[in-house]
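Below are two complexes that have chain A in common, paired first with chain B and then with chain C.
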Partner chain A sequence: MTDLDLIVIGAGPAGASAALEAHRLGLRCLLVDEAPSAGGQVWRAPPRGFVRRKADVDARAGDRLRAALAASGVRVAFEHPVWLITDGFRIEAVGPAGPVTWRTPAIVAATGASERVVPFPGWTEPGVIGLAGATILLKAQQVLAGERALVAGCGPLLPAVAAGVLKAGGAIEAIVDLASRRDWLAVLPAMLTRPDLLGRGLGWLAQLCRAGVTVHYRHALRRIVRTEGGLRATIALVDDSGAFVSGAGSREFEVDWVAVGHGLVPGTDITRLLGAEHRYEHDRGGWIAIRDEFGRTSVKGLLVAGDGGGIRGAAAAVEEGRLAGLAVAYDQGRLDDAAFARAARPIRRRMRRAAHFGAASARLMALRPGQVGTIPQETLVCRCEDVTRAEVERAIAAGADELNQLKAWTRCGMGPCQGRMCGETAAALVAAVSGSRAAAGFWTGRAPLRPVPLDVLLGDYAYADMPLPRAAPL
Partner chain B sequence: MASTNRIQQSSAGARIEGALVRPPSVEITVDGMPVVACPGESLAAALLIAGHRALRASPRLGQPRGAFCLMGVCQECVVQVDGRLVPACQTPVRAGMRVETGGAGG
Partner chain C sequence: MSVPGGDRPVDAAVVGAGLMGASVALFLARAGMRVALIDRGGICRSASGVNAGTLTLHMTRAALIPYAMRGFEMWADASAWLGHDLGVTRTDGLCCAFTKDEAALLEERTRVRAAAGAPMELVSPARARAIEPGLGEGVRLATFCPIDGFASAYLTGLAYRQALVAAGVQVLEHRPVDGAEPAGTGFRMRGQGFDIRAARVVLAGGVWLEPMLRWFGIDLPVKVLVNQLAVTERLAPVLRTVLTVASGLLSLKQFSNGTVLVGGGWQGRGDRGHATGTLLPENLLGNLRLAAFALPALRDGRLVRAWLGLEAETADAMPAIGPVPGTPGAYVIGSVHSGYTSGPYMGRLLADLILGRTPERPLFPIDRLLAAARGPATEVAAQ
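Then we have the complex of A and B:
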């Protein structure tokens, strides 16, 4: 396909909205995602062949989005993970039928977020899963990972997952919240701007209260040990900064599985790969591409929308997507200044309103300064390459004052997840010595963006097809 | 390869009934043993339900690992399906698929 004006990568709320808007304004647009259908993580569709009998708010929003896409005629390429983008832009993806190459003058990167989990002893045990992962299991797959659960971490996913487990007939042994009641009260005014979402949250709390579930505020997981029948989780009291208060408030729970998550981190793989300028913004989840209000980055033709540009939630992502689609249309001369300004005004207004709530959630989920400091030395920081905190610290002491140096010396961040799981922790450890997260930097963006099987890329290209240059005369 | 199967948990996962109508179940094989699963559901979910929690061994320490992020990021649930390494959480169940755990790194 060479006849494209725009490729949108990521078909969640932001990306799908960007594609719909751009398509409406006459752009030839392709929407690409690695999943089999639109919706992203938050509005994920049930598996193909499954029929939904009951739909919650997110399910209905996802169904509306998928119906709008189907009715619009936007071209889509699902099950196509993008693994390489080069200047200009050339996009390489792998689909069910093999490798594909697209060219486009504009990209909207709407790749959403991944979850931050700050390591603790036992976080690598099978049966310990991310809070966001637990949400996907519960909502999209309708699967309970085990019977007795412990739910730990921070942010609105805590009550959401716990209530989901109860509803499914599982047991919640405890909710372990980094935040205090006061932290929650502090975000209440912002939450009041979305009475619908606040109401849903209060509904969850009421369910948990009725079931007699205890919320251990200002506590965190100290360790998890595998036992004969499941997992033993130890929790303890933490201070404001998320650091343990020497052994205080220690309790043990026997459970079958644990859901743990410490907030969301913007996915910046594409903007880093293409060399856009970034900055560290703690309250928006970490490193984000610098962009204008329409999502334009420092790289011409590259825009960002949604949580990948800083955590603000699904409602804001929809409006950011619309603005990005609108901006690409304007930049390509599809509408004049007046029409652009007229169209942008109401979207920007809705975006700011939605961002208010999203920002409050993001604050609850932001990394606390003391969280990383209390990771024991022998605990694994990098799951892929089995790198411990002690090894990271030794490299830092030897002079690794920046993340890529640390990677080269320890292999931390070099495994198949490409530093997505350990990046936040490693960067915080480096920052403790080099002074700030800005000074510690972040992984240089590298292809492949997703692991791709080499034989798929090669196709039927064989050894004999290799062009051999004539040997130089001796 | 067998080492990762030792820690099958006594309490496995379960399908939640009521909200979804699932297609009729099919059989797949996991490490040579038959497992009943729903076509279309994520292989990671099917494995959790079947009690296969440990899916691979970590590269340096050989520790058991299983599905963690469930969104295709962490690569901890990578298994062999019909001879190809895939993240189980991103792979829908198909009738007759042959799954081998413990393949990556261990």
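Then we have the complex of A and C:
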């Protein structure tokens, strides 16, 4: 495909909206995703052949989006993980039929977020899964990882997952929330700007209340150990910063599985790879590409929409996607100044309202200053490469004063997850010495964006087919 | 924070904290000099930290074989002289030819390298497969060398930094040097947050040697090679040797953690102004296809990371090591093919020269390159 005006990477709320908008304005647009269908994580579709018992708000939103895409005629390439983008742009992906190459003058990166889990002893035990990971199980296959669950961490995913578990027939032993009741009350005014979303959250709380689920505010998981019958989770009281208050509020739960998550981190793989300028914004989840209101980054033709540009939630992502699609159409001369301004105005208004709500959620999910300090020295920080906190600290003491030197000296972040799981923790540990997250830096963007099976990538070839460069000098 | 440098001048300021600069700094400090080692980034974070870590003679220029062999000994013996293990794996080296032309190339290269002192011998495909059972079909001829091995380049800086600090070297990282100007009998070097006076200056800036030499009015073209590298996820043991090809376009090794590193100097796009550069997909694919041809088991793995490293090359592809002509007290070191292997030794040789000792082997003064560059211009003028 060489006749493209735009490639949108990521078919969640932001990406699909960007593609729909751009297509509506006459751009030849391709929407790419590694998943088998559109919806992203929040509006995830069930796998082929699965039928939902009852569709909730997100499921209905996803179905509407997928129907709109099908009706629009937007070209799509699902099950195509993008692994390399070079400037210009040239995009390499691997699909079910092998490697593909696309060229495009514009990209909207709408790759969403990944989950932050601050390590604690036992966090790598089977049966301990991410809070966002749990939502995938609930949304896609509607399965539970066991009977009795403990739901821990912070942010709106806590009641969402807990209510989802109840609905799916599971039992919640308790909810363990880093935030206090006062933290929740503090964000209430902002949440009132979207009564629909707030109402949904209150609905979850009512369900949990009816089921007699206890919420332990200002508590965190201290450790999880495997027992014969399942998992034993110990929780304890924390202070405002997320650090444990010595020995206080300790309680144990016998459960089958634990969902734990400490917020979302914007996915900046593409903007880092292409060398866009970034800044650290704690309340939006971490490092984000610097962009204008339409999503344009410092790299010409590269736009970002949705949570990948800073955590703001699905409602804001839809509007950000529309704005990005509109901006690409405008930048490519498909509409004049007046039409652009006219079209942008209502979208920007809706975006600001949704962003207000999203910002409140993001604040609840932001990393607290004392959280990383609670990690015991012998606990794994990087689960791919088995790097403990003590090893990270030793490298820092030996002079690793920014994240990439730390990566080199410990292999933290070099495994198949490419630093997505450990990056936040490692950076916070470096920042404690280098002074700030800005000084600690971020992982240099590297290809492949996802590990690529070499067999698929290389294909069949003969020795004579290989264009060998000139031999090195003797 | 106080300004590093202060009033007291150092005996030597080394600009560039890669393997070359760090080695020179270490040996000067060990000999009693007050030394500052300055880098715009972290220690061994450019070429010295991102190269393939190959300690092979199969890819070494013939004239540099004796240097590389001494360098290899130093790598293997690092805990004795550096005080820290550089994590070297010693293993066999195997260099393959897949076509008739490559076989001829391999024969010639093996003959010349063996004459230069490398303990190499040509072996049959059957023998090659006995040495490396994972070898792919289609090998026509191979060269075996018992001196080979590799290190993890990304750990070089960790070992060196500890040794440097222990030797009393002032290590100044993340400090770009704006320039060096004459001051009294020495030099003054300034940058953000530091102001250093030094009796001597050593330029060890890798691909940045060209702009650094201009501080002293020297115009020495230094070509920038943009080498692509790639690594797989952890695999079961599939490779025991360092595997190379006659053309020098492939290096393969498997680390003890199971990852297989693919190198060979396939070019990406970039320059000395841009730290990370851009991968060229067709060259990455070519490099990986050659790798999987030599070692078919690679196909079972996944590519987990690819990156670029900048390598410096002079006009004659030989090193630039010696005094800076016209500026007493200034020295240059860099542009060494297989410089990772010979780096510690080259650093020691230059340190010996600076310390007034006679280096064990000849250095590579840049006068030859400057004369060659001037040559044609002079002819034109004469006409």
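One rule holds in what follows: the second predicted complex is superposed on the first by the 461 of 474 C-alpha atoms of A that agree within 3 Å, B and C clash if a C-alpha of one lies under 4 Å from a C-alpha of the other, contacts with A are read in each partner's own complex, and residues count from 1 in each chain.
The rule is simple: contacts are C-beta pairs under 8 Å (C-beta built on N, C-alpha and C of every residue); 3 or more make two chains touch, one makes a residue touch a chain.
Just so you know, these numbers come straight off a predicted model, no measurement behind them.
When the two complexes are overlaid on their common chain A, residue A:341 makes contact with neither chain B nor chain C. Using the contact criterion defined above for the overlaid structures, shared-chain residue A:248 touches neither chain B nor chain C, since it reaches no partner. Once the two complexes are laid over each other on the shared chain, residue contacts for A:416 go to chain B and to chain C alike.
In the overlay built on the shared chain, the residue A:67 is in contact with neither chain B nor chain C. By the touch criterion stated above, A:209 is placed in contact with neither chain B nor chain C.
By the touch criterion stated above, A:402 is placed in contact with chain C alone, chain B being left untouched.
Of the two partner chains placed by superposition, only chain B is touched by A:229; chain C is not. In the superposition on chain A, contact of A:446 is made with chain C only, not with chain B. Residue overlap on chain A between the chain B contacts of one complex and the chain C contacts of the other covers 415-416, 451, 453. Interface residues of chain C, counted against chain A in their complex, comprise 42-43, 45, 49, 59, 61-62, 98-99, 105, 108-109, 112, 138, 154-155, 157-158, 161-162, 165, 171, 173-174, 232-233, 246-249, 257, 265-267, 274, 276, 278-286, 288-290, 292-293, 298-307, 317, 337.
By the touch criterion stated above, chain B contacts chain A in their complex at residues 7, 9-16, 18-23, 38-42, 45, 48-49, 53-55, 58-61, 63-76, 78, 84-85, 89-90, 92. The part of chain A that touches chain C in the complex is made up of residues 83-84, 86-87, 90, 92, 101, 275, 395, 398-402, 404-405, 407-409, 411, 414-416, 418, 444-448, 451-455, 457-458, 461, 463, 466-469, 471-474. Interface of chain A with chain B (complex): residues 34, 36, 41, 46-54, 114-115, 124-130, 132-134, 136-138, 141-148, 168-169, 226, 229-230, 256-257, 383-386, 415-417, 420-421, 450-451, 453.
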